[in-house]
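Chain IDs A, B, C and D follow the sequence of writing; residue 1 opens each chain.
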């Protein structure tokens, strides 16, 4: 199938590659054109604008960095919405605010285009291996059409509902669970360390008893190793962006989220401490700082 | 081996049974004597006091309900410490405060008795199946001596350190992780429910992606089912006791624990709402209440 | 002096009246024209648009409801900025977000117009009596020019700095102190009530010892009387708007604000409880609800 | 009247002096006898034990440091309760936990002695000037008897109820209001400082508008001056003791106290930062630290 892909960052690139691997014809666009060189070498067509991509396909994916870049790529002067055909589908995979997801939904609906939310869990290497988790929401018929494409990069595909905005809220919620698990473990590690118990010890106990999930193992491992500067680490600023969107969602639905506020404060404090660009697990160091451990 | 066991509540009973199954001779004591009938029928000797138990063995287990009952069973007028021989071992399995654990350690040391901390993770059915997790701390030599006994009920035995108090802190920490995971999921479920996403939906996504641990699956399942009144449910008051001990540990080591304070407030609020004796996962309902969902 | 005034709501009306009382000639604008009838009867000229006001004066005040209405009145198609002369002054009295205050500052600067921040503390009756507190920020020279006008409605005029945005931050901060004092007292009242001490009793002790400020007396009095529905009461939604702007300010400067987050959660919970339009002191009821007092 | 006074620390000494000034005959006791030299020089009789004091009077005051020292002075081997006559009164002025206040109430009642709670607000210089605030609770008749004595050091005397424990809860509550006001101002000062507004500026605005209470002026002044080491400063550890007792009171009545928990965390963090013995207003520095201001 001929498929569009707008936004070839680290994640988008891996996803696009998987679509190529799956035998699909790609029309792609990226702000930095050189990022697409290898895909072009493999047969992808490089378009000049998101609108050019959308004009050539019935299904276009987008994976932009944030609300603003998505807004620009979709509703900007050369955006997807400008040329996407009636009844054609825009599958948005980015992590957005609810407000932005609604703008996409309503903007596309006003043009009789179809918007599908398909947020993803996992990092670029997982995408490259076809092992992402994909959370979809949208019209049944549209989901059926995009399903075979999502399977190119997604190991499991979940259905969150008929309103595409729901894929966004579920994604924000699951991201919150990452940060709050980090804070939870940070409090445990700080207290145990101060009481003379090596965090490695309790980490080992934890992850061999009831706390065996990837969220425990993967982040806890970085925490006890104080490993905050590895290549590709998602930075504190990304965490703050996520938490802001999650708290804003709470604000829209009048839902108090006390844990989320604690996480937000930790992330702000991490930035104030100069750690803005380190892996967000560095919020561990705020618990240690508050406990006199550094 | 001839082994003592003081405190045959639901958990202690299951553990004692496993020791019998393992071929050991038991001398037991319980405040309510009839709780021990079936063990006696299987050959266990019922003593009149904890001191009577301790007099007859080189290793005595205790599994009392809390600090006060442990203090009484160990240092009371007819307590274990009164008659336990020099060099004999008291293996305490209860979840205690750090202060109480230290009193045990120091009180036994002053009598040249040996104190081993061996806190357990899991509920009575797990104990009965020999599938507890056991967290030990104490002198190497003593741990070696009790290890074969712990294996009767423990599927895995972890070493938390040489100071028996460490087994207590690790246990309190892991319990905190249960409550804080419940709060974390409660915030997620409340927000999603209010936004029109069935908590079952996000629970299913959660537990099939990065949040696959027993702590997610077991408690989350009860939460989305609003199942708070099943037999044997650990009550809110137990949760509050645990959180008080965890926060007191933070107080002793000058470690701020903001998440723990949020949990404490939820548990207090649950009690004020009349839910003191329901499963502590009912704190889910506080998040729902605050969101106008009930 | 001939002075402009844009936005004749309850507060703006009282301020405009004081300017008339002070012998100034007013050119005014309001979305709902009839609100200005009595001012016109006293000689004020009613303009068709904010731009019409600004065209006729060297100093124009604005007192709009929020960011959006201020943005529209200043930079909209018929806004103040369109016609305000170079070197003329816009004195903005509304409570805005820092982001909006910066837009005003920069937008006016780009047109060589002068922006003065002059936020006010107090309610309409205080304005009518000339007893507001005014917090100014801006260029020295401009402040000198507007000072005699501010004295028409302000009993005291404070200088917060040379950057007009500073008047906004100080105002947001002082508003936060209102809400956080309410929460503080709510926790005290709830605990004392539950322990059998009438909140009136501790309120009387409080306000006759170290807690004698208007912020204690005025809000505490409403709290112990459970008086949440009096005419002109500032609603929970207003409080939430303020707290959002304050927390966003923290977000911009990477300053954690744990108390502010607690207040935000209380306000959200009040809205979920159906109290959106009651006096924001109703957050007292959230503390009572959490304590089982209602 | 012949009056007993047990506990001549800085505060007790000033109060005792005022009783002497009022023409009363004092029988006093203090652990460190030399603290009483000047009082003895003025005619006070120095007793060997609290029991010796109580034996000689119908009204005995106590002003010990904490729960433990009060327990010892009242119910210890040579304690007040041992020899206080039936119908005689013990007026306890110390800041205690509710649990300790109840022990006093019930212990005295069991001996047909009368217990009056008379907690005090103010520091030693205020006591020396007769300007304390006194919060009383107890039987009407007993309060009448002690009233003239309380007037020796109290500028105002408040009635909190018939149960002496109520004087304790009110005192704990008012102390909480000190700490929470400090945290509230700390958040404001940190944010404003980071935004380029000198805390002195907003402090001046605050204390000349709606935030004019002693609690604002006295503590705020120390905060903006970073003055944490003046002689007689009440230390962080004292603050932590107060907050623990307040939170425990919340625990007894199932009242969540989220602000109190934030304060507790700040105080713990201050101790971890090495500030245990500095004026508790140093918690200001935790807000600054979290904001990258130091």
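Methods note: a residue touches a chain if its C-beta (ideal position, glycine included) is under 8 Å from a C-beta of that chain, and two chains touch if they have at least 3 such contacts.
These numbers were taken from a predicted model, which means no experiment stands behind them.
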item	value
Selected interface, B-D versus C-D, where C-beta contact pairs are more numerous	C-D
Chain at maximum distance from subunit B, centres defined as averaged CA atoms	C
Averaged-CA centre spacing for the pair subunit C and subunit B, given as whole angstrom	53
Distance from the mean Cα position of subunit D to that of subunit B, given in whole angstrom	39
Residues of subunit B touching at least two other chains	250, 254-258, 262, 265, 268-269, 271-272, 290-292
Touching residues on subunit A, where the partner in the complex is subunit B	121, 133, 135, 156, 158-161, 163, 166, 169-170, 173-174, 176-178, 180-181, 183-185, 187-188, 190-192, 194-197, 201-202, 204-206, 208-216, 218, 249-250, 253-260, 262, 287, 290-292
Subunit B to subunit C touching residues, read off their complex	258, 265, 268-269, 271-274, 286, 289-293
Complex interface listing, subunit B residues touching subunit D	240, 244, 250-251, 254-258, 261-262, 264-266, 268-269, 271-272
